[in-house]
Each structure stands twice: as structure tokens, then as C-alpha cells.
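By written order: A, B, C and D. Residues from 1 in each chain.
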Amino acid sequence: MVVPLISIILLCPLAAFAIFALLGLAKRSFPRQDLLSTAAMLIALGCSLYLLKEVVPKPEPHTVDWISLGKITFSMGFYLDIVTVIMLIVVTLVSSLVHIFSIGYMHGDPRYPRFFAYLSLFSFSMLFLVVSDNLLGIYIGWELVGLCSYLLIGFWFEKDSAANACKKAFLTTRVGDVGMFIGMMMLFTRFDTLSLYGDNGIFTRITNPEYLTADASGIFWLSIAGVLIFCGAIGKSAQVPLHTWLPDAMEGPTPVSALIHAATMVAAGVYLTARMFPILTPSSSLVIAYVGGITALVAATIAIVRFDIKRVLAYSTVSQLGYMMLAIGAGSYVAGLFHLTTHAFFKALLFLGSGSVIHAFHAMHAHHDEEHTDDNEHEHDNHGLVHAHGSEIPPDQDMRNMGGLRRKMPWTFGTMLVATLSISGVPFFFSGFWSKDAILAGALGKAMVSHSPHYYILFGMALIAAGITAFYMFRLIFMTFFGEPRNQEMHDMAHESPWVMVVPLLVLAVLSFPVVNPIWFNDYVKPPPQPHIHAPQHAQLGPDTKTGDANSGFAFFGISEAEAAEEESGKNTEKANDVYRIYKLSHNIAMVLSICIAGLGILLSWLFYHRRKFSAESVATTFRPVYNLFWNKYYFDEFYDGVLVALTVWKSRLFAKFDLSIIDGIVNGVATITRQIFAAFIGFFDNRVVDGIVNRVAEVTWAAGGRIRRIQTGAIQTYLFVVLGGIVLIILIFRAL
Amino acid sequence: MEFTLKTFIFYGFALLTIASALAVVTVRNIVHAAFALMVTLFGVAGLYVFLQADFLAATQVIVYVGGILVLILFGVMMTSGRLEMRIHIERGQLLLGGGISLALLMLLLTVIANTPKWENLTDDGTAFAPTTERIGVLILKEHFLLPFEVASVLLLVALIGAALISRKEVRE
Amino acid sequence: MSLQHYLVISAILFSLGIFAVLTRKNAISILMGIELILNSCNLNFVAFSRFVTPPENIDGQIIAIFGIVLAAAEAAVFLAIILAIYREFGSIRPDEVDTLKG
Amino acid sequence: MLLSLMIFVPLLGMIVVLLLPRESEELIKRVALVFTLIPLILAVYLYMTYNQPDLEHLWKQDVPWIDTFNIQYHVGIDGLSAILILLTALLGPICVLASWRNIEKGIKAYMALFLLLETGMLGFFAALDLFLFFVFFELTLLPMYFLIGVWGGPRREYAAIKFFLYTLFGSVLMLVAIIAVYLNSGIPDDRTFDIPTLITLAGTPGHALADPVFQRWIFAGFFIGFAVKVPIFPFHTWLPDAHVEAPTAISVILAGVLLKMGTYGLVRINMDMLPEGMAFFTNGVGFIGNSLALLGFINIVYGSFCALAQTDFKKLVAYSSIGHMGFVILGLAAGNETGVTGAILQMFNHGVISAMLFLLVGVLYDRAHHREIDGFGGLGNRMPVYTGITVLAFMASLGLPGLSGFIGEAFSLLGAYERFQTLAILSTIGIVVGAAYFLWTLQRVFLGTLNPKYEELPEINRREILTLVPLGILTIVLGIWPHFAIEMFSETVTELTTKIMGTLEASL
């Protein structure tokens, strides 16, 4: 059943796109592309849910030979374990909801059918990525989602900003992809395959000394490969330093932001890293954890000062993705994936909610464009700050135009509040709390077990980021829904969205409660073994004790790694219990700390933006350098545009000039020299000697002809004389002979 | 070779032929030349009789004397008019032409004299058989039919051509 | 009356014809010369036919008949040409008709 | 027999076209189309039967030609030539269709020359006699010279003469090498031009042809001849000029087939016949040992960067061709199964994709009468179908997985990484830059606000779509299931790479 079901899941959205593309060639379009695409997604969702039943503990990949070259065979296939199914469900569910939401949101757009076709193509690519059992397949899906992301960010390509953003997104991710490709080349060269699972897969061969020795050089090599593969994830999941494309990607329609740039595609990086979990070594894990931690912190700080509602959410996404990376880097495989799942729902909800708000304001867009741009500039002057990108914020996305919307749009407000509570880590009733807590606990536990200062630092970063997250998310809520309307005219026009948009919000809001039960998650999702992490504390672990009691709090996320270690080998029961105890302890510490810091963040936000006890402006003025740094996004864009892009373009011009002037110059120069020198001689020779001879011959012939023609008297008798005389002579001569 | 009446007549014809031919090429008056030519043609016809070619002799007389010669005389009349009846001959040309002709004659005679195959081929005195019927059969029935037809076409073409060339331009 | 007799007569006629063609300054005289040449040829044909081939073979005579036909045609065309030349140049002196002069 | 038929049918078509009156242009075009469709039909039949032993006799012919020098008319097929013949035969009718409206003068001569060109190309890929090989190689040169020089753009004479001289320069060296091979192939009465025989001789230890030093020199001679054609840096500057000036269909043939003649020659002669020479230049020892891979790398990076700087749409595509051919060189230099497979796939795919790109440029040029990238803008709104196809072609060209361009590039790199790690890694720069220039072009031409000058620009028409659709389908199909192409030549590649790798190992 597995293969047909997956095939249906893949083919439904692909067919929806294919119908659009083929009719497009004939310059037509299907009358209800929206319903077609949505139906395709719903079918895929149904199949994905059904697939839950088909999961087996030790699945085998279902493969076909794709390319066979003598010894080497590249296969393509599906691999279905619980993680795959969870991803399938997340993708199809969010995608279906986004489809439904878009029916309302995109209504009236001139390219309405195309939007749905692109969404279908994206869904196909994403699902293909998820179910692939090998790196090549993942890479194919990986790039295809990149293409869809490109197409959808640039959906309103008439806007220059959108055109720039889509190009930037594609190129930036491509830089990461090249790293991933190099990683693939390394793995392929070493293992002669790109399959991950099965007897000939990389994960089997990785323990085979024939392919990889477990000594220092082998581990070092594997670390490099792991980090390179992770480069792909850095690009796709918008980790520092390749994160800059994601905020710009907000130029796309908001449902796209929700689906691609919050819930699914950007999470593909996390998914990939999780898939590659078995090849991660201590060093590459640490790199991943640091990248994740830094990303979480950097993005969160930037988010504080944004005014564009979508940018705030975008940076929030980057930050949360950093969290997930941190989790996987710290070995908390399950926590990372759990956060991926919960985040997909509540972040999609936040984006769709913001879409609902933008939709409410959208009608105003046209005739208020100009004056609000002026307003923005005015405000910047008040701040006395250079806002390089400030004036680009469309008025319908600018939080400074909002406020007091909670009465106008109660459903949107309610659902967004749920999501905000969830992302901020408000305890116990929201899924985000559990997943975030698990990550913090995992990092702290890892630190305590390994006694590594790195993980303490990372834990600290994650904790601060959690606090900041709570702060800016509530800032968003307060600025948008509370207080007095800042722009009365726009406020008057605002209205609650139609039911096709509200229903998806409600569904997602339900999913933001711990519907995805952490206990269930922990029971089913097991981290794969990491054969090359031979941390000393694991080496002596005993076989022990499955007993980690499931009721004693929520320590299981941390335990998961310990359990994995236990299964592997070792004798020392005591040590195992030790580790278990440490993780449990770390979890308790982490929970208390995270509740405290989330509360602190919310409180500050309330004081700043609701009660107005403090003025954000004055704080900004006080810490102007820091503010400037945040406002300018740590100058990443400036660095890239000013240095990397400029350098590349300069280099290309240099090359082109080199080509034109040096290479072609040499060629033309050789030609010229040949012509000038060689040809001058030849020309002389030609003129004087060859032509001279020709001319002489011609002259002689001319002169001779002038004389000889007199023989032609024109009188027949003369000719006869000559002829007969000639005959006589000839005969006489021959007779004489 | 016994000297019979037959030989006498033969030599008579031969002499007549050659003498009149000489007259053709030497006399200055073109009309006289034409008449001398007539005599030559008669002579040749006589020689044909000696060669037992009776039909040919008759044809020679009828066609040449009756046809061609009259044609020539018409030509003389139409071109020369009254003034140009005399034929001009330049001395140098005369000498040169005479030389070449003489050389040619000597050459031919040498060839005739020095070809052994041709010696002693005398008139064996076979009985005369009329040739007219055989010629008729050969031309109209056997392998000379095609040449005959071709020759008649040629004649036709020549006559039409002659008429075309000699008529006055209609356009003018 | 052997073959050689006829050949000698024929050769003399031929030479005289050539002489006329070469020296005469009147186109009609030239025509007469040509007629002489043709006659000498015919005479040759008939003579060879009589003496060389078997008696019943008279192909030579037939060739001679064709020769006469040819002569007639030639005479007709020649005179026509002479008339045309006469109209064009006002003369039938061959040395005056030298348009082909190089 | 069928193979000879396929080669000479276009020539017959040329004669027919020449016999037609100059005025009946429609008829001439139709006749040319028919005479290019026949090889295509035969090529499809070839695709279906090339590996059936009982039909093998259909696809080869060997008759004496010039006995004095033991030159034969020997043509035959293996996997590599079959796929390139298929490509040539496919592009033939497409080019005729692409020339349907935009050749304004002398359509008769144009079609006649084009058909002659097709004969030359098909013959080149099928030739199994060195002399015949050279004759067909040169036979493509002449029509090409006239096609560029007469029907080209404003600087056509310059471009045509440059193309001609460059190629001639290369082919002179090649001719010297051919003669050297001939003279060393045996005793005076037993010399041969026959390629299979020569390959056997070159593999016979102790034979003059098997001498490593001899092979190196011959390798260099052939290599320069083919390098001009590929073109390999620094012999590449004829390409942008020729492309820019040539009419659309000729650019398509130039990029689609003529460049492949160079790489085909490299495989057929340099690799198959001269493994010792190949080993010397690719053994990875020192500068010389890396030289072939290095050239591939330079081509990739240099071509890509130059493309990034271009403002002329067609020139950009031309430079991108240089970059993409670099992958072929890199893959061939690797000499292993993955690399060579990738290289051959890349040859075919580049033929298809660059043909699409040039056709697309031609469509735009026919409408706007200029090719300045910055002079457009926002066409995506005005011409959605055209934009869609362009996106497909661009994506295929920049190596988007799922489209055929990716497989060739990826396999070339995978293969190259095994042998030349650093160069393979550095070559990936080309992937990023490749994406950069295509996306930048896409943005400048199709995205943004519509340039008011082009508000009335007509959408791509049926005929143009017809020329593009087969190529587009091939791009997608081969991207999804490259086995369709690979199965054609996998045996050939296995044999070849076994020999190369064996020689390499022996030489190290």
C-alpha cells in the first residue's frame, strides 16, 4: 500500500500543475484551477493520514534503479518512517489550509489560476523531498521547492522589490546548495552511492571500515561532509549567514509566506539535517548547534525593531528555525522535529492571520500609498535614524498604521493570540511551550552531560532568544490589535475576512494547542543511531532500564538521546541512570527558566507597547548604536550587496573585458600582424611579381593579337590559299620524311 | 593498248573535257566561261558513258547542262549586268594560285602513278548492262532509301533557303 | 582506258577547279570552279566503281548521283547568297566582301 | 544502408531545392522540411533498433573509396554517435521551422546550404574512417561560413571569417595529426585510415601507434583541432561573435551540434584511440597531468563570469554555452564512468537546451529587433507563455534538478570529484554564477514593470511553440528519466572508461 499511496500523494498536486501548464501552452486555463489544486491537496492529505497506519519500526526503502552505470547505480525511491509521515501530514495539512485561505485572499488577482498551479507544484516538490530515500532525490526536491519559492516570491513580479527578492532568494539558497552538492560529491566518492537507507545505503556503509575508518582522519572527513551537507540547510532554512533572503521573500503573497517561508520549505533544512543525523559527528554537531544558536539570537534581535508585520514574522521564523537547528546540533533530535511540527502550525497561523489583517487593509492600499510614505519619512526624521529600508514598507503591512483591530476582527485576533501565546512559550496549554522547552532542556542536558562550555553558551543564547521572542511577538499583538487606531481612515475600512479565510485560521489555532501530543511524539519518534559520536560518557553506558518514567514530568525529550545511547552498547547501568538523572534535572531547570524569561518578555512588551510606561523611542535613542545594528540587520545586506555582489559583478566585468580586449585582442592582433607584415610582403610580391607577370603576359598577348589579326583579311580566297598551300606543304613535308 | 575507235573517241572526250575546263578557268568573259563549262560537263557525261554509267551520263546532261548551267547564267545576268562581264585577274594571285594548283596536280599525279594497286586496272570489256533499273531499285527499295530521302529533304531545304535569301526584304 | 586515265583526267579537272577558285575575282567564276571540282570527284567515284568493285556493284554511281544533287542544291544556295551579297555590297568580287577582316 | 541513406538524404534535398524555381519560396521551405524530417524518422528508427544485433547491418557501411590510400567510405554507429545523430536529426527540422519567416532573402540558397550542412554533420558523427571524418568535418565548415556570412547580422563578414579561420587553424593541426597517424599505421602498402583498426593498433603493445610519446603529440594535435570547435579557452572568442551575428536557426545548429563535434571528436579520437595520450594529460600529476581538467574548470568559471557581464541576450547565451561545455571537458577529463556519462549527457542536453535558448532569443529578436537585455522589462505580463517556456529553458540551463541539464552537470562533477577534487569543488562556482546570470536576465527582461515600448508585443505564435515544445518535452523527460539517453551509450562508455582507467593505472 505504501508505494501507491505515496504515488497518489505526489501525483495529485503534480497533475494539478501539469493541467495548468499544458493548457497554458495552448493559451487557455482550466476554469477552476483553485478547486482543482485544493482538491488535489485534500486527497494528498487524506492519503498521508492513512499512511500513519502503514508505518513500521524498521522500514525498508522502496526503490527503483534510476540510472545504472556499470558498477554504480543511482536509485530513486521512497522511504517511509514516522518522521516522513509526520512531515507528509504537516505539509499536506498546512498546504491544504493555505489553498483554502488563498481562495479568499487571492480572489480577484489577474493571475489567480497560476497562483494555485504554483502552489500545487510546490506541494509536489516538497512532498517529493520528504519521501525521497536518497540524497539525490532530496536534492532534486530541494531545488524544485527553491524554484517554486522563486516563482511565488516573484508572483507579483511587476514590483521591482518582488523581482529582486525572488532572485535573491534563489541565488542565496543556491550558494548553500552548492555546499550541499559538494558534500554529496564527497559522500558519493567515498560510499559509491547516494542512497541513505537499506543495506547499501550510506547509513549502513558508514559503519563499515571498508568505506570509512573510525579513526581521527575518517571522523574529520565525515565532519567536513556533514557540515557541507548542512550548508544546504543553512541556505534553505535561512540560517546565518545566508538568512537575508527570507525577510525579503515576504514580497510574495502572504499565503505563500505562510506555506513556504514559514511552515514547510524553510523547515526542509531542518528535515534534511535530521535525516542526516546518523552521519553527524561531534564537531559537525557543534557547528550546527552554533549556527542555529546564533541565528536564533540574531534574528530575534532584528525582529524587535521591525515595523512591517510580515518582516517581524519572517525574522521570527528565522529565529525559530535556528532553534530547531540548535536542537538537532545538541542531539535533541526529537525535540527539533517536534518544534518543527508545532512551529509549522502556529507560524502558518501567524502568517495567515497577518494575511487576514493585510487583506482587511488591502482595499485602502491604492489611494493611501502616497501620504503614508510621507508619514513614514516623517517618523524617521523624528527618530533621527537612517532607515534604509523603512520607506519600503507597504502601508497595509505597517504596524504603525494598525491598532485596536481586535474588535474589528475578533476571529483573526483570537486565533493570532493563540499562536502568539504558543510561540512565546506560555506554559502548559500551548504546543510551543512544550517544543521550545524540550529544546532548551536538550541543550542544557547536553551541556551538563558533556561538561562542554559550548553547550552552556548555546543554552544561554537560546534562553535569551526565547525571551526576546516573547517580547516582539507581544509587541506585534499589542501594536496591531490593542490600543487606539493609529490610522482612523484605514481602521474604518477594515473588516473581518470571509469564512474561507477564517476557517483555516481556526483549524490552525486548534492545532496550536498541544493536539500534537508531546507524549505521543516521544513514543513514536526515535532518533537514529549516530555511530560516530563516541562521547566518553556514552561509551560506558549500560544496557539498562527502559524505566525512564513517563509520568515524572516532561523529561523525555532529553532522555531520548540517552535511550539511544543505551540501546547501542555499554555495561554501566549506573552511568546510564546518571545521564538520565542529569537530563531530568536539566529539564526541570530549563522549564523554570524558560517560563520566567517568557513571562519577563511578555511583561516588558506589555509595559512598552500597551501601558506605554516606557518609550521605545527613548530606549532606542539611548542605545543608538545597538538600535542601528538591529535596524540595519547587522549590515548583512550591505555587506553582501556592497562586497560580494559587487565583487562578483566586478569580476565578471573584468573577465568580459579580459575576453574582449586580451584574448580577442590577441586573436585580432595576430590577424592584424599577419595582415600588416606578412600581407605587406605578400602584397608587394603579389603586385610586382605575380601581377607583373600576369600583366606582361597580357600585354604581349594584346600586342601579338594586334599583329596577328591582320592575317584575318576577311577575303575567302586568302584563306583558301593558306589552307591549300598548307595542305600541299604538309603533304610534301611528310613525303620528304 | 590497241588504238581502236573506242580509244580514239575516249581520248577525244578526255581532251574536250580538259580543254574546255581550261577555257572555263582562263577566259575573261564570264558568259564564255559558262559555255565552256557546258562543254566540260558534256565531256564528263561522255566519260561516264565509257564507264558504262548510262543513267549517270543522262543525269549529268539533264541536271548540269539543263539545270545548273542555266542557273549560273541567270546568276551572271542578275549580278554582272552589262558592265561586269569581264573577269579581273591579278597577276600575283594568278601566279600563286597557278603554283598551288600545279603543285596539287603534281601531287595527285604522283599519287596516281605511285599507287601499285591502281595499275593495270583496264576496261575488261564486260558486257554493258543498263544501270537505270538497278539504280532505281537501290535508291527506292534497298539500302540507299534513307540517303535518298535525306538528299531530297536537303534539296528542298536548299531551295526554300535560296528563295528566302534571294528575295527582297518585305519590310523595306 | 585504264583506271589511271580517268584518275589523271579527274586530277586535272580538280586542279583547274582549284585554280579557278583561288584566282578568279568573280563569285560566279568561283562557283564554276567548284562545279569543276565536284565533277572531278564524281568522275572518280564512278571510275573506282567501275574498276575496283565487282561489276554488279554500282554504289559509286549512286554516290555520284547524290553528288549531282548536292551540286544542284549548292548552286542554288550559292547563287542566292551571291544575289544577297550583291544587294548588300553592290559587288560580287570576293576580295571586296571582307567584313570578317580582323 | 539506412545510415548512408540518412546521411545523404539532406544532400538529395539540396539538389531538389536547387532545381526548384527561386520564386516558389513556400515550396522550397516545405521540401527542405521534408528532407530534414526523413533523417529524423530514420533517427527515431535508429533509436529503437541501434542495439539489436540482427539489425546491425542497417547501420553500417564499408566500401572502398580511394584505393590508392586505402581510404574507405566506412560509416557506423555506436552509442555515442547514435545519440548525437539523434540530436542532429532532431534539430534539423526544428531549424528549418525556425527559419520559416525570418530569412528574408535567398531562401533557396539558405535552405540548400542548410541541407548540405546537415549532411556534413550527420556524416561526421557516423564516419569511421579518419579521412572521411576529416572530410565531413570540413564539409560543415563551408556552408556555415556562408550561412553566417550572408544571412547574418551587421558584423557578419567579420564573424564568418573569424569562425572560418579559427576552425581552419584547428583543422590544419588535426590534418597533420591524421597524416601522422596514417603514416605510422603500418608498412607503406598496409596503411589505413580506418578508425576501429587504428584503435586496435593503438592498443597493441609495441606498435608504433601505441608509443606513449607519439600518442601525446598526436593527442595535442587532435586536441587543438577539437578545442577550437568545442570551444575551449583560449580558443573560444569566435563563438560569441559567430552566435551574435548568425541567424537564429544557425545559432541553434552552431550551439546544438557543431560544438558537440568537438567533444565528440575528443571522445572518439583522443580518448578511444589515444588512451596513453589521454592518460598523460589527465593523470593528475603536476600541471600537465591536470591540464585537461583545468581547461574544463577555466571554461566553466570563465564562461560563466563572462556571461554575467554581457548585455546582449544572445552573447550571454553564447558565453553560457562556453561554460556548459566546460562541464563536458571536466567530465571527460575525469575519465571514469560517472564523469564520461555525465559529459555525454551534458553534450546531448546542452544541445537541446541551448537550442531552446537560442530559439527563444530569436523569438524575442524577431519581435523587438534588438537584443539588449536592459532594453526590455516586464515582458512576463505581456507574453506569459513565452515567459513560461523561457523559465523552463533557463532553469534547465542553470541545472535545476528534475530537468535534463542537471544530470549532465551533476554527473560530470561527481565523476570529476573522484579524480580532481579541488578543481571539481572550484567548478561549482560556475553553478552559482550560472544561476546568477540567468536569474538576472530573467529579472531584467521579464520581471518588473512593463516597458511601455513593448505594450503591443505579440505573444509567441504556434509555429514557434511547435519548434520549442519537442525540446521542452525532451528536457523534462530526460530530467525525470535520464535512462532513456544513458541506456544508448552506457555500454560504449563502460568499454571506453575501462580502457582509460586501465591505461591510467598502468601509467601511474
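Rule of thumb we're sticking to: a contact is a pair of C-beta atoms (placed from the backbone, for glycine too) under 8 Å apart; a residue touches a chain by one contact, two chains touch by 3 or more.
Everything numeric in this text was worked out from a predicted model, so none of it was measured.
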Identifier of the chain whose CA centre is least distant from the whole-structure CA centre: D
Centre-to-centre distance between chain D and chain A (centres being mean Cα positions), rounded to whole Å: 34
Centre-to-centre distance between chain C and chain A (centres being mean Cα positions), rounded to whole Å: 110
Intercentroid distance (Cα basis), chain D paired with chain B, Å: 83
Cα-centroid distance, chain C relative to chain D, in whole angstrom: 78
Chain D residues counted as touching two or more neighbouring chains: none
Contacts with 2+ other chains: residues of chain A: 717, 721, 724
Shared interface positions of chain C, touching two or more other chains: 18, 22-23
Interchain pairs in contact, sorted by label: A-B, A-C, A-D, B-C
Residue ranges of chain D touching chain A (in the complex, touch as defined): 162, 165-166, 233-234, 236-237, 302, 305-310, 337-338, 341, 378, 380-381, 384-385, 388, 391, 395, 400-402, 406-407, 410, 413-414, 417-418, 424-425, 428-429, 431-433, 435-437, 439-440, 442-443, 446-450, 459, 465, 469, 481-483, 486, 490, 493-494, 497
Residues of chain C that touch chain A when the two form their complex: 18, 21-23, 94-95, 97-102
Interfacial residue positions of chain A with respect to chain C in the complex: 708-717, 720-721, 724
Of all residues in chain B, those that touch chain C in their complex: 1, 6-7, 10, 14, 17-18, 21-22, 24-25, 30, 33-34, 37, 40-41, 44, 47-48, 50-53, 55-56, 59-60, 63-64, 67-68, 71-72, 74-76, 78-80, 84, 87-90, 93-94, 96-98, 100-102, 104-105, 108-109, 112-113, 118-123, 126, 129, 131, 134-135, 138-139, 144, 147, 151, 154-155, 158-159, 161-166, 168
Chain C to chain B touching residues, read off their complex: 1-9, 11-20, 22-29, 31-33, 35-36, 39, 42-43, 46-47, 49-52, 55-56, 58-59, 61-62, 64-66, 68-77, 79-84, 86-87, 92-93
